[in-house]
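Before anything else, here is the set of structures, which you'll find just below.
Each of the next two complexes has chain A plus one more chain, namely chain B in the first and chain C in the second.
What follows is the complex of A and B.
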């Protein structure tokens, strides 16, 4: 069982390396606009911090959205059949010997979270490399730098994990093609909604807003406000963290319930 | 004769396919929602204050249209019918089909129906949206969707690729953009079909790779070269500055030729276990 998992990790690990190419392009395109603040904090805030507020033109919003969404769409694609592949090949052997489907599901979720986090860690590493090589960027305040990097990593990884978990759970139920379509629709709709609700308090409760670090009301980001735009009042990183945690817990319960009610012998792949 | 029969059979199976119906429903709903939002926006508005129907069209200048063109356009046509050849190969159904008709005829007939399905999935919802716009907006108006333009000022059309067509025949202009977007849908479906000939991949790869290629292409070209090299910029009726129509058509033709080459080499001329 353990050896099998390591083999799957390797396969998916190599797939995730594609994300490094995207990070290289994002970093390379952001560096020319960092002439006023040649620091890593600026690079990370612009590259992965989110779309600057207020959004006046929805064409510009969609253009910036492409930057944010590509990473998530690619990740969802790369990990979409992680569970369904394993379930269709191993379920007959595993679940006939041990009836603990929930444990299998929890293990898969842990693996997926590890892979999602790794995907972004690799991208951030590329961004550090690009900043150093192309623009000789430095860190102006180490405490703020780590605050920005870790907040971005957690918020982005957790939202992406929600999407990846959704596509995997749905793929067990309806086949990976419909699951991927549903997830893409969800991602696009969730991402477009903040533009429509940007002037109302509802924007704080939209899933996509949780991953936008620069929308959060944080004292540590105040010196950068001229650079990254305004924030949403009383929208804290802790509340976003809890929001995403609750979403993940709900998805886990839904997933466990679906897996427990699935027929092992009748689980031939719909794809 | 056999070719025509195969086309008819493929069209019948296309119209009965659940995926086609689901994708068409999603596309139609996606196009009806912005119309309903416009209905709410212009409810109780004087007719002279409503922009013309050609400017209310979802592909002209609308956020739902932009989201559709940026992300969904290549995925929906690929899902509708393009993966059927992959399923035939995977289930072994192709052996039964190839013994009843010529392989080349079957592959080409399926290719034509897949191209058509990709076209219809995009064209019909866009066309429906334009028809719906006629219900709430006048044919011509002195107002524009950018705001209150006086009657003597024309719409800022200098960024449009086909400016003279827009000024003289605005509805033909919209039809041209519908056809361009539908051609993109056809190419996505054909690319998906071509990928299914490159054995050893999953169904997800067959249906999702056109979208991933499209989004990555748009992303990299926009960041590295400029928006005029992103394909989605060519689909907005409102226009984006600096576009070169030849670039779009060259991309479409190149994509078509590459897909055709894959289908011919790996499908029509490829020796399988039944044709050695």
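What follows is the complex of A and C.
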């Protein structure tokens, strides 16, 4: 008995499609600067995971930052109300059918991670299309190509998930609009900080740095160093993965604690 | 086993007492009516019983399980409290399917039966935002009864419903009682309370008193 489990409203899948247009623009803007190759590896290295170091001034930094920043801000905007939607619409009906509020929160987090990953998978698919159509790119080394794509996908998706989780948790406390504005501020600050600390060891410990694949010290990226700039010594992909994992776990604990202590006062929408 | 036991329950919000030392013991399979003016604390009492708010002090047991420690929410509960809210872009059936998918204990046919019991058309493709106030209220009641819960908590269930609809809702609630459900109703409409209730309570300034008054008082 039972009906098909409905976890994610259709509208969120449609929302994610908007990101595909952005990916087209990102790909289109990067292709003219691909001087080496040209191979897909170069396109992926520079599109989402790369601001070549060192960067000399703020203008250069922000123009390079724009592709990944826009993508993250758009995603945060599209999914900002994912949790608060349940709260503002019919929290009473939902929670009185859930055993624990924490279980509801955990399910919402799983949905959000799936949506974030899907967003980037779609964007990367568009990037493949753009590379083929606009520049007839090919893959130089399939093993390296998949290493780059998967590393970039995981690092970018995990950092974006942290942002999306932050905005959703904040929205339960302060409403979607204030939560989004606060998160935009946070994302811009986090993204700008590496410019200040690029010559210091502290850059390894900044959240945004974790998603910059080309800053990582990886043997597989050595052949591309002329194109992607220098790496940060002893900054490994594994350490970034663990860093982001710890951030996610902390956010989950904070979120569960907030949700468990929230009283449902019935701010249901009056339609 | 008692359906509900409240022991010296208090709730204070921003220094203002909302529930004052409320104690209550309700048997299962009966209908209990709660009367009271706006702001008397009826809705807060229902929220506390449903596990939606935490009492400042006191204990609440629902079918022997303590809220807040054994369970977060009553395990078999159907509820409407104050404004009925659904996703405006979806039809009534789509809304109820989403909500039913959380527990996943009934199928689509049973959801349709519940909608039809309230006199609504389960095949109505219009979005919820196009529903009249009475239709919205009926959909809320359909939502509350569709999973055949042991406890049904209804705050102003007949608001905005026409006279014919009110009679139909009363019959449905009596059928639910026959099934064995414990039903709590708060209403301004004393006629509803008098017609349906086996026992009546009056809320005043957050305090609860047993009430014997009838329709003509």
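Methods note: the second predicted complex is superposed on the first by the 251 of 271 C-alpha atoms of A that agree within 3 Å, B and C clash if a C-alpha of one lies under 4 Å from a C-alpha of the other, contacts with A are read in each partner's own complex, and residues count from 1 in each chain.
Assume a residue touches a chain if its C-beta (ideal position, glycine included) is under 8 Å from a C-beta of that chain, and two chains touch if they have at least 3 such contacts.
Computed from a predicted structure; not experimentally measured.
After overlaying the two complexes on the shared chain, residue contacts for A:192 are found with chain B alone; chain C is out of touch. In the superposed pair of complexes, A:92 makes contact with chain C only, with no contact to chain B. Contacts of A:69 after superposition: chain B is touched, whereas chain C is not reached. In the superposed model, A:176 makes contact with chain B only, not with chain C.
When the shared chain is aligned, chain C comes close enough to touch A:263, but chain B does not. In the superposition on chain A, contact of A:59 is made with chain B only, not with chain C.
By the touch criterion defined above, A:230 lies against neither chain B nor chain C after alignment on the C-alpha atoms of chain A. Touch criterion not met for A:138: it reaches neither chain B nor chain C. Once both structures are placed on chain A, chain A residues 271 are touched by chain B and, in the other complex, by chain C. Considering their complex, residues 22, 25-26, 28-29, 58-59, 62-63, 65-67, 69-70, 73-74, 77, 80-81, 85, 176-178, 180-181, 184-185, 188, 192, 195-196, 271 of chain A touch chain B.
Contacts from chain B toward chain A in the complex involve residues 19, 22-23, 26, 63-64, 66-67, 70-72, 75-76, 79, 83, 202-204, 207-208, 211-212, 215-216, 218-220, 222-224, 227. Only residues 43, 47, 50-54, 71-75, 77-89, 97-108, 111, 128-129, 136, 143 of chain C touch chain A when the two sit together in their complex.
Against chain C, in their complex, chain A makes its touches with residues 1-7, 9, 11, 88-90, 92-101, 263-266, 268-271.
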